[in-house]
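Chains: A, B, C, D and E, in written order; residue numbering restarts at 1 for each.
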Amino acid sequence: MTEAIATDRNDPAAASAEEAIRVEDLHKSFGNLEVLKGVNMSAKKGDVVAIIGGSGSGKSTMLRCINFLETPTSGRIVIGGEEIAMRADGSPASRKQIERVRSRLGMVFQAFNLWTHRTLIENVTEVPVHVLGVPKAEAHDRAMALLERVGLAEKAATYPAFLSGGQQQRAAIARALAIDPSVMLFDEPTSALDPELVGEVLTVIRDLAAEGRTMLLVTHEMKFAREVSDHVIYLFEGRIEEQGPPEAVFGAPKSERLKQFLKSVA
Amino acid sequence: MTEAIATDRNDPAAASAEEAIRVEDLHKSFGNLEVLKGVNMSAKKGDVVAIIGGSGSGKSTMLRCINFLETPTSGRIVIGGEEIAMRADGSPASRKQIERVRSRLGMVFQAFNLWTHRTLIENVTEVPVHVLGVPKAEAHDRAMALLERVGLAEKAATYPAFLSGGQQQRAAIARALAIDPSVMLFDEPTSALDPELVGEVLTVIRDLAAEGRTMLLVTHEMKFAREVSDHVIYLFEGRIEEQGPPEAVFGAPKSERLKQFLKSVA
Amino acid sequence: QEVKIGIAAEPYPPFASLDASGNWVGWEVEIINAVCAAAELNCVITPVAWDGIIPSLTGQQIDAIMASMSITEERMQTIDFSDKYYNTPTVIVADKSADIAPTPEGLAGKILGVQASTIHQTYAQQYFTDAAEIRVYQTQDEINQDLASGRIDATQADSIAMDDFINSDAGACCEIKGAVADDPSILGSGVGAGVRKGDDALREKLNAGIAAIRADGTYDKITEGYFSSSIYGG
Amino acid sequence: MEQVIELLSLSPPGWGGNLLRGLLHSLEIALGAFGFGLLIGLGGAIGKLYGGPVLRDILAVYTTVVRAVPELVLILILYYVGTDLINKAAGAMGYGRVEISGVAAGIWVLGIVQGAYATEILRGAIKAIPIGQIEAARAFGMPPLKMLRRVTIPAMMSFAIPGLANLWLIATKDTALLAVVGFNELTLETRQAAASTRAYFTFFLAAGALYLMVTLLSGRVFARIEKWARKGQPGHRRAGA
Amino acid sequence: MITLRSLLVPHRIAMMAVFAALVLWCAYALRWDWIPKYAPLAAEGIWRTIWILAVTSVLGFLLAIPLGLAQAIGPWYLAAPARTFCTIIRGTPLLLQIWLLYYGLGSLFPQYPWIRESELWPYLRQAWPYAVLALTLSYAGYEGEVMRGAFSGVARGQIEAAQAFGMPRFTMFRRIWLPQAIQNALPTLGGETILQLKATPLVATIAIVESYAVASRVRQDTFIVYEPLLLLAVVYMVIAGILAYGFRKLEQRVPVKGH
């Protein structure tokens, strides 16, 4: 695995062909409330970046800005070497571009957000077939393989509402994988789950990390973050307070606040 | 304070003028499920009886049988020396009688059940004015005094929906006190509350106990039960498994099941 | 070019009514067909609610009205009329036993039913308002029902239409109490075909058609099938 | 009794055929108006939710006015003014008179009325969709129209069906109001049959029975549609059911 | 609520200007000279509309309470007829119901001469009892359904609390259950009452002179088509607005959290 580097530099040459994602000087305000106050980061292909921080520190907002579910106030976002064109107000300039980029980012929500009116297999084939234009049969076979992989093959024809939270979240991961995303985005994928269901989801994510998928992972599971990530970012009040390899961040935190935070979640 | 005695005898003479409530051989089934399998207990005026037991052991059912919110399958219920006439099917024989008796039992529900379309003061005056025929002005003054007592005087004109759970439960206690009940029935009065609100309700109940109100109290707060009660009844699967003064029940439990139970809730 | 002739959608026997097959039949329907044939017009009979028949004409949903509409000054402010094609007296009809006469005194204290948007309504409101209570209905047929059921005491209407009613089972209760005093400015000068203001071409053609069937005997032949005497009037 | 059967028999001299024809006309218009209303409603709902301030205000005026004024009055205004305007416009552009059939006029007039109600029903239904369902579609780069078709509409169905079922019944019954513009739907056919035979009670009851049949049948159909729309939602019971 | 500030947005000012221009155009380009002559009649018509609406809504609502109650908790021999009644009323057009009551019943009178001798005859002769009856039944049919939901919607605990304090059954119904059910039903009730307002013109078909009939009369007398209809539409909008406002005030009597 390669190391992620948080870039403070604004130097595009630094972005090698290997770069999967780069965020530069990202700001985001809701009305008067400035939630992100200039975040810089980047991840190479295959990196697993864990984002930790207290409640309200802006983790979700950062992730949602990356695929423009929230409109950034300012900053640059580069996905796989392609900068997303922004208007002055931060909204994406080209709908075509943002749709294309989004369909390469696999998002897994805290609340799963599976489409309740479709079965699991339909959930998984939905985007490949209806957005990417993959032939139905092919998409179906691939989807079955993915459901198999997250251990839900025999639930393919079931509607989401009839599954446990853990099963739903695994299906949501399969849905995200179905577009063969260049980056997977996870926003607290286990925090809506009952404790006994957390494990099964973490196992799936752990496998993904092991096989070298690029991932951005907002999580409250410190032990897991430490085990699975190449790079950890600690957000505090909309700024990156400290970052580095997990051993450093968890093992020898420098910032007082990080020390405090780690103590509180232990 | 006097001691409560659980009667196994069927001897009405034993019921002195001091007796507030007596339950004899109470059975209750829901369909095929026998929930109460012969409960006997009595309480003298001024007694505080705590009823404890695991979930589903029949605590709520027992309390609700006492004021006939559930129809007992068989048994006798005597309130203040007056036996409630029952038909063969357990339903009260005289609606007049049961209404009169109920209006002397002050029930406080787990879910508060304040009337949402009336302000606090209206909730408290409702029964005195419209059931007991107390003149409006008098009921109002008394209600204000009660609200004052539970610390809610300045909320008198507020609707229940705008209050915290703890405030609602205190108002529910004031409503029950407004009828100057011979016995207060509490069904887990704090278990629907956030932990930080439990205290304020317990304080009010503690005061009531101190001033010698007769109370039947279903609760999961063992520490509180121990502190406040004169007599503790431990229900297990619809039977009284063990009972006695709190020091004995909590300090030196004899039954294995009670020991188990006390360990599990500690 | 199709010419839409509007008739009232509510049956008005014996002039225009519906048979069970959904065909419009009656004296006026036959006259329409004859006039159109004589004038070489390609006519289509179009039923329209009586209440909205003039707006339908001005709103171009129909081209002419031939629905027993009397030619009156008031209507001529809005539409034009062809020559008359029939004219019958206006009468008061009431229960046989009732003591009613076609005068304000004879109707004093009674309830008089008239159809909306007719000369009868205008006339009654002019002459009988003070004496009688006037109730306005959408169709003559409804008036006849309420007359038979006794809810109203009398109706003012066209004599021929009432003849038909009185001779039916339902109308057995009632009789003609006499004609009302004439007032040509309200009761008009007979029934004509209404056309849009300025549509002189159609008006001329209809006039020619009416004259033609009067002249060649078609008019009388049709009339014989329905009435015992001529209804063209003076 | 015999007389009644004769009066209601399907072929002349019975009037049953006419009633059925009227019913067919009513259903034809109701179906057209309901469909047209749904289209307006969908556009209106989306406009109200996502449109600019001007569009939103215009739609607010539309739904408020149309829902406050009796259908009978609206039908008269829309029917007369509407056809008049169309003809005037056609005249000004040098075309001849435009033929507007009773069916088309009925559909467009009732459709506009239905559209106002449908707008509110569909807006409520769209708002009832959990936001996550929409966000998930956006996060995967679904274009807006596709999202409407694949996610928004199917997901809102179960919320919209009860309201739409009511609306459909209103549509079938409102066709009766077109009698005032002389359109031969069931109510007018009934009135004509009653007036021609003077068997008022018989025909009014018969028409009532026909309407009731439509209501009960539609109830069944909508219950099925609702069940289908609720697929994927476990054991949900309607309030009070 | 609409505040002055929310109206002072540029596009709203523009819309109001357009609206004002429209009103001015209507005032000048259309014919209003008939108004003075028909004003007294119009006032009477509007009054009658309001009167019919008020009487039938109140009576209908009173009838809806037992209908809803029977369906919500009644034994089957009460619930079934109540449900049938609601289904029939909701399943057939009001126009047909009015005609059936008025002309259908009327056609029976000739066969039974004694009806005309009876004490009730002065009322049976009039049209308004039929109108009131038909509209009342209609409102009851729709509201019965609403009240059914509203009664079942009252939380069980609310009733239990009343029982636990020994409230007699009728007191409990009057003081707890009914007020809460009405509170639940109020939002729907407001809408349904506006629907009832919109149903009142139908009674014009049985020769009752309310607002709509007056507008028709003007049209019939003067052949002015659009102006009376426009004015009529405005009248109904004003009444509907007042109703909506009134019901909102009623709803706000018991404040709801989060609004």
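Structure notes:
Here is the rule we go by: contacts are C-beta pairs under 8 Å (C-beta built on N, C-alpha and C of every residue); 3 or more make two chains touch, one makes a residue touch a chain.
Everything quoted here is computed from the prediction, not taken from an experiment.
Here the chain-to-chain distance from chain A to chain E, counted in touching steps, is 2. Ranking all chains by how far their C-alpha centres lie from the centre of chain D, first place goes to B. Each chain's centre was taken as the mean of its CA atoms, and the one lying most distant from chain E is A.
The two chains most heavily joined by C-beta contacts are D-E.
Inter-chain spacing, taken between the CA centroids of chain C and chain E, is 37 Å.
Taking each chain's centre as the average of its CA atoms, chain A and chain C sit 81 Å apart.
Averaged C-alpha coordinates give centres for chain B and chain D that are 56 Å from one another.
Rounded to whole angstrom, the centroid-to-centroid distance between chain B and chain C, based on C-alpha atoms, equals 83 Å. Multi-chain contact residues of chain A (touching two or more other chains) are absent. Listed for chain D are residues 76, 80, 179, 191, 198, 200, each touching two or more other chains.
Within chain C, residues 51, 55, 58, 145, 170 each touch two or more of the remaining chains.
You'll find the chains touch as A-D, B-E, C-D, C-E, D-E.
Listed in rising order, the residues of chain E touching chain D in the complex are 9, 11-12, 15, 72, 87-88, 90-97, 99-100, 103-104, 106-108, 148-153, 194, 197-202, 212, 215, 225-226, 229-230, 232-233, 236-237, 240-241. Residue ranges on chain E touching chain B, taken from their complex, read 155, 157-158, 160-169, 171, 175-176, 179-180, 183, 254-257.
Those residues of chain A lying in contact with chain D across their complex are 67, 69, 95, 98-105, 107, 109, 111-119, 126-127, 130-131, 159-162, 179.
Every residue of chain D that touches chain E in the complex is listed here, in rising order: 53-54, 57-58, 65, 67-74, 76-77, 80-81, 169, 173, 176-177, 179, 187, 190-191, 194, 198, 200-201, 204-205, 207-208, 211-212, 214-216, 239-240.
Note for the complex: chain C touches chain D at residues 9-11, 13, 17-22, 46-49, 51-52, 55-56, 58-61, 139, 141, 145, 168-170.
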